[in-house]
Amino acid sequence: MENKPIIGVIGTASSHDASIVELAFEVGREIARRGAVLLCGGLGGVMEAACRGAKKEGGITIGILPGSSVSEANPFVDYCIATGLGEARNLIIVLSSSALVACGGGAGTLSEIAFALKHGKPLAGLRTWQLRNGSGQEGFFPQFESAREAVAYLFKRLEV
Amino acid sequence: MENKPIIGVIGTASSHDASIVELAFEVGREIARRGAVLLCGGLGGVMEAACRGAKKEGGITIGILPGSSVSEANPFVDYCIATGLGEARNLIIVLSSSALVACGGGAGTLSEIAFALKHGKPLAGLRTWQLRNGSGQEGFFPQFESAREAVAYLFKRLEV
Amino acid sequence: MENKPIIGVIGTASSHDASIVELAFEVGREIARRGAVLLCGGLGGVMEAACRGAKKEGGITIGILPGSSVSEANPFVDYCIATGLGEARNLIIVLSSSALVACGGGAGTLSEIAFALKHGKPLAGLRTWQLRNGSGQEGFFPQFESAREAVAYLFKRLEV
Amino acid sequence: MENKPIIGVIGTASSHDASIVELAFEVGREIARRGAVLLCGGLGGVMEAACRGAKKEGGITIGILPGSSVSEANPFVDYCIATGLGEARNLIIVLSSSALVACGGGAGTLSEIAFALKHGKPLAGLRTWQLRNGSGQEGFFPQFESAREAVAYLFKRLEV
């Protein structure tokens, strides 16, 4: 019934970098302003900042949690999905998103980037992992300087 | 942000029994009338009928899909979660629901009943499985005749 | 390379019934005597007793654990698979087994019985759940009095 | 009962590079010569070559399959685990291994590298992904030129 695209935001729960958290907040705002639903891992840090940004603009947020209780969700998640799967839930975040923004990130975020590449999901990077494979290839997805550019890129990709 | 309870509806995609499908439709209506969110496996049959009922009353529906594409969801699902996990997604349906209604059902529904019992989730049955364990115990959850009674029972349980 | 069949044994980690534990031990012995590999959830109670029985006869045992560390396996598991999936690993136990014995059991075992029925896996019951579906059908799998009979039934089914 | 370490081998099913397949074969031989069990994703390409190498040296192999049938395993897998989870099974490969070798690899392998870093598992690379995180850090795991060196490194790490 809802035909709004779902945009995933991936990043760590434990970012010590205030500028990454600020970027995530702006990503959330951009997603909501464009009328898309924001989906993430539902926890704190980058995830919470993105949800907070989306709610500030009246958007809708979904959290795919690693644990078995919805109580671990950050307070800006509208719809909590408790998977009980630990990090295997990272694949669900990718499969359920039409496109994704990686915002900073640690090893968990890297696994989500990998799944996004595997499934050919449009992916925009903001100060996140850069990759070179065993054959020396690079540039698997574009990196941006601002939340606005990153989200604009994804919407352009989804139009095609 | 949303403080609406999430009620799960479990039942088969392939019910040949029109009265079960009608029951599921009424279950969906009752859930939406009471302001709760309906969550299910997102496919056809009982799941689709319940979603259709909820949408008729202006409710919100979430589908937790077994496959890796949101395109398999029935047309009455608002928010589609693509898990790619096959029937392992049945556990997610249970963990994400505050309480559940089992409406008819085959082996997949039985697995969801089992997970609901395991996690102590309030569960109401409508023409579904009856169980006796190896020690001869029965009556693990109540069975009802109408959608209204089943849903009313769950809300009463959630109040406590 | 190994062409030995894999037989799953399902039952609770916390059986307070010594006769169920004794039955599980005999099930493990029978499986090993017939040259099959025993697969289970890798924890204590029925699972440990079955593994202990298999090892007494020189058999091989595999444990599919719910947690993320192999250290939670009982000491009679040869090959530990750490899934980190919680009870979603119950589906893996069923899919990886050619046939299964249910020995007593609680709600987790019921979910495994459900998945075995769903996937058409031969299943033998020993003092376990009895089922009646919403249409009044019963007898979804046979129940036996002894480990020997239960395991013999499964091997007969696998010969076909 | 078995106290042999389990070494995971990760890499793609569809390598077009004969030298990568040859490397994987040698990795499998090294693992078996040292008395460890080889665990992998159970499919073709790098996975099959590694299993073939292990079996040539009389080793034992375990395959954690993405699908729901053990029939998709390569012929050099001794013990097949059918997960039905798709790529979510990549996490199981990492959690069940004491240490891992990444041999070439595509996006799926990258997800396994990510999970290995997340869980602090010793990891050796052979012509595989090189990573730089958003803060510019590199060198998350060592890369080697030969199978012998890669496997020797892992055993040294496990001794500590």
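Every chain is named by a letter (A, B, C and D) in the order it is written, and numbering of its residues begins at 1.
Keep this in mind: contacts are C-beta pairs under 8 Å (C-beta built on N, C-alpha and C of every residue); 3 or more make two chains touch, one makes a residue touch a chain.
As the structure is a computational prediction, the values presented were derived from the model and not from experiment.
More inter-chain C-beta contacts link the pair A-B than the other of A-B and B-D.
These two copies of the sequence, chain B and chain C, are related by a rotation of 180 degrees on CA atoms, to the nearest 5. Distance between chain centres (mean CA atoms), chain A to chain B: 29 Å. In this assembly, the C-alpha centroid of chain B lies 40 Å from the C-alpha centroid of chain D. Shared interface positions of chain A, defined as residues touching 2 or more other chains, are 68, 84-88, 91.
Taken chain by chain, the contacts link every pair, so each chain touches all the others.
Of all residues in chain C, those touching chain A in their complex are 68, 84-88. Those residues of chain D whose C-beta lies close enough to touch chain C in the complex are 1-2, 6, 37, 55, 61-62, 64, 68-70, 75-85, 91-92, 95-96, 119.
Within the complex, the chain C residues that touch chain B are 17, 20, 85-88, 91, 104-108, 110-111, 113-115, 117-118, 127-135.
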